[in-house]
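Okay, so chain A shows up in both of these, paired with chain B first and chain C after.
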Partner chain A sequence: MNASAWQMLLEGAWTTVWISGISIALGVVAGLIIALIRIAKIPVVDQILVLYTSLARATPLVTLTLFIFLSAPTFGINLDRNVAGILALTLNTTAFNAEIWRSAFRNFSRDQREAAMAAGMTPWITFRRIMLPQMVITSLPGLINEMSFLIKGSPAIAVIGIVDLTRVTNRISAVTYEPLPPILVACVLYMAVIGCLVWLQRIAERQANRLAV
Partner chain B sequence: MPDANPSTAGHRENDRSGATAVAIRNLSKSFDDVEVLRDVNLEVKKGDVVTILGSSGSGKSTLLRCINWLEQPERGSIHIAGERIGMTDEGRAMSVKALARVRAKTGMVFQGFNLWPHLNVLHNVTEAPIHVLGKSKHEAETHARALLEKVGMSHKMDAYPNTLSGGQKQRVAIARALAMQPEVMLFDEPTSALDPELVGEVLAVIKDLSAEGYTMVIVTHEMAFSRAVSDQVVFLEKGLIIEKADPETFFTNPSTERVRKFLERND
Partner chain C sequence: MSNWEILWSARDQFWVGFLRTMEIFGLSISVAFVIGCALLYLLEGSRPRLTVPLRVFIDGMRMLPFLILAYLLYYGLPSFGIRLDAWWAGVGALAVYHGCYIGEIFRGSRITFPPGQVEAAKAHGFTKGKMFFRLILPQIVMQTRPLLGNQLIYALKDTAFLVIITVRELTAAANSLSGTYFIPTEAFIVVIGFYWAVSVVMEVIIKQCGRFSAKRGFDNA
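Up next, the complex of A and B:
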């Protein structure tokens, strides 16, 4: 592999990281919002979200990506392929994150909530000051798990022409006729990114232990 | 009898003897078809200590939890320092915000401590004063330090709840409730979850508070303690108050056979 192959690989890695990163950030926040709306049990809205969750969880990422990219023009929207990729990844991961947040909320200690209410906290203050900080810590292992699934599923966005870390190995071997070296490097780069997440997860779990009263 | 001496009860400058801290009128409550409270009437004067006794299932914890609306009674009314809790004067359910504001006039100590594990001892005590009463961080912390000193926990200010013993947790919980400068302190079996050797340190703190003129309603199984701190002892049986007396009368010469039996068994 020559210098330009290395550069292509790093560019591919960067594409994977930034597109996944934005999707993860959006997905974690959107998941929380959806979880809270579902806990409020608003009629109709709740049913729509249940439908969304089951659809998003049942659809393969490649199919979802293609569907979003190809259907956008029908609605008169000219979707940039990166935006379509981010949208597909976000829609997918949000559904899983919403379930993680929802279970953290449902399992939250009733005793602690009563202590907050007894101290005159409104439900909003109770959520923001007492529940959310602990929900973040207890959900983090699950959320990080979902993040690494998203990164490992991200090559799906290559289907609409985004040159991510996996796709770029194809391009390199098309020129060099040596498929093995670039794919090996790609594996190592994926492992490095996932390794960072695993490391974060370990810290999160240590934090969570402190909450076990 | 601990009178509300203004020099010792500095937390309540406008204390007038005879004023009512809690007024419970015709309170009834059922869980499914079981009546747990039946037409309960009780008045707690400012500066008084009322202990509620009764066997388990008599409704005493439910009565206490109605006072700050953690349980909602079906009938009757509760006033905290003259203000009705839970319902508006027109009989409608209070808004969430209004309810929280009245609840802030009560402080509650739970059987299971219910500290917030993500906050250290100091912040457990300052959390509600800052975010409910709107105190400044500095003001809340100064007050919290004094209260933690009072309950003998100032050496554990930076510790997290999971590193404390049960007795220590409960003393922090007492400081947390006091920090709201409540009109009335509610104790729900504060020593029932403690190892026997830790009960004393918690009871000693509550005794100190009674000597300082705090208004308290205490659900307990500790007879000697009840006798020592109470101005009024209430005995609950199947949701009914069947005896209400000063501690001397209650423990030496109760008027009902039921209480006499209860006291014999708990001797």
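Up next, the complex of A and C:
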């Protein structure tokens, strides 16, 4: 492997990281919104969201990515590869994040909510000032765990031709005829990224436990 | 002919792809289960020198994406003169990868296993192997069944990755059909339906196991 191979690998790692990063950011926010809509229990919308969650959890990322990328043009939408990849990853992770947020909401202490009501806070202010800050801390370990799952699933976007960290190893071995070194380097890079997340998760867990006491 | 009629006439391709996916899934998850049990047995404590490398191996696997492991087996092993075809590389990667996850699930449950039972078994003269197969393994498998169910669904979803290393399975069938007839939307809706149906069936089975284990008293341990 020469310098240009290393540069390609780092570029691939960067592609993986920025696409996953955008999907994570979108997925966490969209998950919260969906969780709130599901808690409101609006009749038809609720059933649709249950169906969405069930489908999104069962659909493989590769299948979802291909589906979005190939079927968008038949609806007259021209999707960029990167947008299709981000969309697939986001749709997948949102379903999981919504469940994490929803369980944080359901397990929220009733006493605090009643105290807020007694102090004359409106539901929105209770949510903004009392619930959300604590829900962020309690659901953070789960959310970070889901983030590492998303990065582990991100090679799925290679199927529509995005050159991510997994795909780039093919490009390098097509030139050098030595597939093993780039794959091993990619392994190390993935371990570094996911290891960081695991480490963050441990810190978040400690914070969440401190809050629980 | 409408798009759905085209798909109906190509139903054989879906069915073949579905069977291949189930073949890969069934075989690899069985091997993964055995690997998980073996890891649990090896971590049982009589060989402390093995514990650290095993845990490093398990944690390392859990930090890798599945596809990169499949790449290692499919593209990397030929450098050592071992040439696997795509199907075997895929099954092997799935088995090892999910075996490590299952091993980790078992290990987590083993930590909270009541030590009194192990002591009672030793006092009754159980050998280590017998104690493992008669006492520890059945209880741990039944206790971890919700997590195992999740892992099964992850394994099913990971089979779709194998389309990237050119295994002919369900997603590949949809991909080739949508390429031939240019009806991607319908083809992929059918395939997503297949995956969904399988995971719903697995959830039902796991629930039934819950009923069985409540009846046999596994949950009150």
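Methods note: the second predicted complex is superposed on the first by the 212 of 213 C-alpha atoms of A that agree within 3 Å, B and C clash if a C-alpha of one lies under 4 Å from a C-alpha of the other, contacts with A are read in each partner's own complex, and residues count from 1 in each chain.
Basically, a residue touches a chain if its C-beta (ideal position, glycine included) is under 8 Å from a C-beta of that chain, and two chains touch if they have at least 3 such contacts.
Nothing here was measured: the structure is a model prediction, and the numbers come from that model.
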First, second, both or neither for A:S71, with chain B first and chain C second: second
First (chain B), second (chain C), both or neither touched by A:E178: second
First, second, both or neither for A:G120, with chain B first and chain C second: first
Touched partner set for A:I151, first chain B, second chain C, both or neither: second
Partner touching more residues of chain A, whether chain B or chain C: C
Touching partner for A:Q112 - first (chain B), second (chain C), both, neither: first
Partner chain in contact with A:C187 - chain B first, chain C second, else both or neither: second
Common ground on chain A, meaning residues reached by chain C in one complex and by chain B in the other: none
Chain C-facing residues of chain A, complex: 54-55, 57-64, 66-67, 70-71, 74-75, 151-156, 158-159, 166, 169-170, 173, 178-180, 183-184, 186-187, 190-191, 194-195, 198
Contacting residues of chain B [partner chain A, same complex]: 68, 70, 96-97, 100-101, 103-108, 110, 112, 114-118, 127-128, 131-133, 160-162, 173, 176-177, 180, 186
Of chain C, residues touching chain A in the complex: 60, 63-68, 71-72, 75-76, 78-79, 153, 156-161, 163-164, 170-171, 174-175, 178, 183-185, 188-189, 191-192, 195-196, 198-200
Chain B partner contacts - residues on chain A that touch it in the complex: 109, 111-112, 114-123, 125, 129-130, 133-134, 137, 210-213
